[in-house]
Amino acid sequence: MDPLTIDTTKIKMTKKQPVTALDKLNDTGLISTVLAAREREGLILFSTIDQVFNWARLSSLWPVTSGLACCAIEMMATAMAHHDVARFGMEIFRASPRQADLMFVAGTVTKRMAPRVKKLYEMMPDPKWVISVGSCANTGGPYHESYSVLKGVDMIIPVDVYIPGCPPRPEAWIYGIIQLREKIKNQGYGAKWGLNK
Amino acid sequence: MNPAEEIKQLFPDSVVSVGHQTNKPLAIIKKEGLLKIAEKVKEMGFDNLSVITGIDYGDRFEVVYNFLSYTKKQNLVLKVVLGHENPEVDSLASVWKVADWLERETYDLVGIKFRGHPNLKRILLPDGWIGHPLRKDYDMSVDQFVTVGEDGEDIVSTDGSNLLRR
Amino acid sequence: MKTEELLINMGPVHPSTHGVLRFKLTMDGEIIKKCEIVMGYLHRGTEKLGEMKTYMQFIPYTDRLDYISAFPNNYAYVKAVEELAGIEVPLRAEYIRVLTLELNRIVNHLVMLGSLLLDLGASTMIMYGFRERENALQLFEMLCGARMTFNYIKPGGVREDLPDGFIPKLNEFIKDMEKRIDDYEQLISGNEIFMGRMKNIGVMSAEDAINYGMSGPSLRGHGVNYDIRKIEPYSVYPDLDFKACVRHECDSFARYMVRIDEMRESLHILRQVVDAMPPAKPVSQAKYGIAPMTGAPTAVSTYFPRIFTPPVGEVYSRIEAPKGELGFYIVSDGSIKPYRIKIRSPSFCNLTAIPKMVEGLMIPDLIAAFGTIDVVLGDVDR
Amino acid sequence: MWTGDIMFANAYELIVYILNYIGIYEPINDIFKMFGIEYVLRIIIVLVEIAVLLVFALLTIMFLTWMERKVVAMVQARYGPMVTGPRGLLQPVMDGVKLIGKEDIIPAKADRWVFTLAPFIVFIPALLIFIPLPFGESLIISDLNVGLLYIIAISAVSPIAILLAGWASNNKYSLMGAMRAVAQDISYTIPLALSAIAIVLFTGSLSTVDIVTAQNGTWFGFIPKWFIFLQPLGFILFLIASIAEMGRIPFDFQESEQELVAGFFTEYSGMKFAMFFLAEYAHLFSVSAIVVTLFLGGWSLPFLTFIPGALIPLVSLGIFLVKTYAIIFFAMWLRDTVPRVRIDQLMNLGWKIMIPLALLNLLVTGFLLTAGVFR
């Protein structure tokens, strides 16, 4: 008997399912409303805590120095006096990924560098974000046809914000950072019901 | 007197022909005489070996050495023509120390072996890389991925399953 | 007491390796016994791409080789193509090219000083260095719209003529830079700790330096007076009077001081270029139509056909890039695409000297010596 | 400064005096006496003091992190944190809350207990040093008669914790960083102690309050009788040794990014890393306070004789904080402009130059004192 040809509509349930009180209650749809209410109530309880944590996280993002190529120079230019990133609380460029929570992938991710970028990402403690900067990191950029370049860093790690440009201007960097801050602001419980101010 | 003719007089048998490379004196020499000529060139004051280029012409390989004499402000180009099967030529690392890495890079990208080189290994690509990219018959379709072994060395494999994110 | 050697891996991701370079150090306590350099983490196969692109399409790739000073890369490649095809360039374009080269040399030395001091622990110099760099980048932006990757020099001349407000802004920049360089000298050169960290570190004799293929300011720090602008003069350098800055102490401090002198020398050249800039002669474009579309000649560039097929042949041309001798070896087989492009990168050859220079030193000295060699990874790995 | 007779030995007596002044001390005391547990009131008052001190310490630490960033930004011609709160004042709060919310990674092969214990062993001594610090006229938790010895002993505990952290995180870099940090701390405690002993020769007592009162009054009418004028060499040695003790640039080896990635706390993240971070700033404040107490006359200023009695503790606290923040500003200013010293130069400076100088200073002071120059 070929399993594909069985006509599933004809199969009847042989064992009679016992009808419990819960099933009856469920038919009236009461349980789903109670669950939804409790979830929303939980939201109100937790969403304020989430908002505080979101605000703390977005206002003190400590990037890890992982500059690979030309965009690394623009990363330094963004962190320097003229376009000061320290205004957003990102002044301490932690050298070790253990204390960082934001990773700028700035530059071309070559095949040889890919496992190390992935290891760097995995070493970072949990609430972490990745900003892929420059067309090389986004999709391989001008080196798309090259044999030794990975076509975009999102092939190996999840990316939150993409900044186009080759290299993107420091203003574009700061715009990308602001986009990430917006994204962090809308995380957590309160996001679904628009409770996050 | 341009240095290419000078070398022709000194080593008449191993210099195939003398000419010009756009504006620099050029001497095409045989593979065997390379090391002797190189030592002579160093004495003539060409202390800067600028670049070593390996070119794959489909039926033959060519290795081109460009020299500059800082003192005499002169240029010289030496060219060696090699067969296509396994191109092999003497290494100049003993004469110019910069040749060590230039030859390793030529071996890495074009696949020309250099006899007598201290440690002829790949310099830019990971060791297990298949093929030499700058050869005309290098197929670009094969995608090779690199993963890190326990002691930090690179392992090249064509399937990137543990690396890529599906 | 048998002490075992410690293998330290200053890995590809490290704050002071100026990018992705890996040092394999076998250490005996604090002293480095053997230093092996592993590179290739930024090898993007530029030379293979060179064989797939036409002559004009390859120019943006030259910007991304030594991405701190992109003008010399453009110029070296374009000079090679011009020598191959015998294209002459209007005098005003040559003066504009020298202007951009020298301005970019100052920017490169600023970044080098800043990152050298950052590696030694003082975090202020890089801020001042980048503040001046921003002023210079605004000048570049006025010239060609980009901050780091210019694509401005093309075979036959330059793409755009100087905008109106450029020269006064440039004079302002030159005046301001002179004061700044004296400030840097005061902040750094007299500093006891800096001298303690730099004096007779990374010492190398002049013969070794030449033999290891070092070139540019790192070589001139060893008392070797070789400057390609003097040995093989190109463009309008013969008409400009400047001297090659040489120091004889053969250590990191000498290499650092050479760069400070070179910055002053570049300012001197810039002043001469601004005075001797020929006026822009209007050129009739009747035969060719509007310039950018058909490659017609303008005040700053000669005619350059859209379908450009140079004669068959090979050429190697070298210039004095801020880091050393930068050369392009182009083989053309008459088609619109080069048959082979080989890039002689100064950082790659300067790096050969590091393992020998560093034996017997400590890690902080390796960083100090490495900082004065001024290596950029795009240039090393191509 | 004032008539020289200090009203209260420590903050406890001050609080009891204030309670009496308000008149609520007797009734409470009687209630407790009825139950026969009269000592409980004393414990409560001490607990209140310690709570105030802790709040003050944590607030100053937070303020110092903000001040550090602003001073660094000011030196480097830029702004520093501006977005969170007015001119970035909430930035330290945000850093703290974020670090609390971070995932806490303990490396696989690390020694779990030692790994989690090390940050606390670093943080607690940094706060313990606050006890004998004379913040104001009678604002001192407990005026230990071995105050100076206590301070030097407590500051010798942190190297042990650093070694624990370095060893526990099972990482080559952090072990080397820890070794260097311990070597540095030990080799700079000796000149620190020697130059401090030169002060004790003058005051004859180790208690910090006695040291400060010994610096009252003026010579020839306008020069305040601070020990900095009697001990200029001692002051310089003490300052350099304290900066090396704090591990700040130019003697920064704990977290010299360039060489050993992040020193011994490479593997720490989240709240544990925050502990190290706060301990460093607590250490900065306490060591500056000690420099002020020993050499710059603590809370006294020679010309303030017209202050009404009730205001004296507040005014003296203000003067003390102004002087301490001057020293802190100097340490931060040094951090931005001067490159780092190599480890062997550091050791040479410590052993070959500073210790002989400190001994010489001690000898000369002893000789002059016995010759009765200063009496």
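As written, the chains take the letters A, B, C and D, and residue 1 is the first residue of each chain.
The definition used in the following text is that a residue touches a chain if its C-beta (ideal position, glycine included) is under 8 Å from a C-beta of that chain, and two chains touch if they have at least 3 such contacts.
Owing to the predicted nature of the structure, the values given are computational and were not obtained by experimental measurement.
Student: Any chance you could name the chains that touch chain C and chain D both?
Tutor: Touching chain C as well as chain D, we find A.
Student: Chains in contact with chain A and with chain D: which ones?
Tutor: Intersection of chain A and chain D contact lists gives C.
Student: Among the chains here, which has the CA centroid at the largest distance from chain A's centroid?
Tutor: B
Student: What is the distance, in whole Å, between the centres of chain A and chain C, each centre taken as the mean of its C-alpha atoms?
Tutor: Centre separation, chain A to chain C: 38 Å.
Student: Distance-wise, how many Å sit between the C-alpha centres of chain B and chain C, to the nearest whole number?
Tutor: About 24 Å separates the centre of chain B from that of chain C.
Student: Measuring from the mean C-alpha position of chain B to the mean C-alpha position of chain D, what distance in angstrom results?
Tutor: 63
Student: Quick check: how many Å separate the C-alpha centres of chain A and chain B?
Tutor: 46
Student: By the touch rule stated above, which residues of chain C touch at least two different other chains?
Tutor: 14-15, 40, 43, 45, 48, 127-128, 131
Student: Spell out, as numbers or ranges, the residues of chain D touching 2 or more other chains.
Tutor: As it turns out, chain D has residues touching two or more other chains at 72, 76-78, 257, 261.
Student: Among the residues of chain B, which are close enough to touch at least two other chains?
Tutor: In chain B, the residues touching two or more other chains are 125-126, 133.
Student: If each chain is a node and each touching pair an edge, is that a line, ring, star, complete or other?
Tutor: Its topology fits none of the listed shapes; call it other.
Student: Hey, which chains are touching each other here?
Tutor: The set of touching chain pairs is A-B, A-C, A-D, B-C, C-D.
Student: Quick one: which bits of chain B touch chain A in the complex? Just the residue numbers, please.
Tutor: 125-126, 133, 138, 140, 144-148, 154, 163-165
Student: Applying the document's contact rule, which stretches of chain A touch chain C when the two form their complex?
Tutor: Touching chain C: residues 65-70, 72-74, 76-77, 80-82, 93, 95, 107-108, 110, 112-113, 116, 120, 142-143, 145-149, 166-167, 169 of chain A.
Student: Sort out for me which residues of chain D touch chain C in the complex.
Tutor: Against chain C, chain D makes touches at 72, 75-78, 172, 249-250, 252, 256-261, 336-345.
Student: Spell out the residues on chain C that touch chain D in their complex, using ranges where they run on.
Tutor: Those residues of chain C that touch chain D are 6, 8, 14-16, 30, 117-124, 127-128, 131, 187, 191, 193-194, 196-197, 362-365, 367.
Student: Report the residues of chain D in contact with chain A in the complex, numbered from low to high.
Tutor: 69, 72-73, 76-84, 88, 90-91, 93-98, 101-105, 257, 261-262, 265-270, 273
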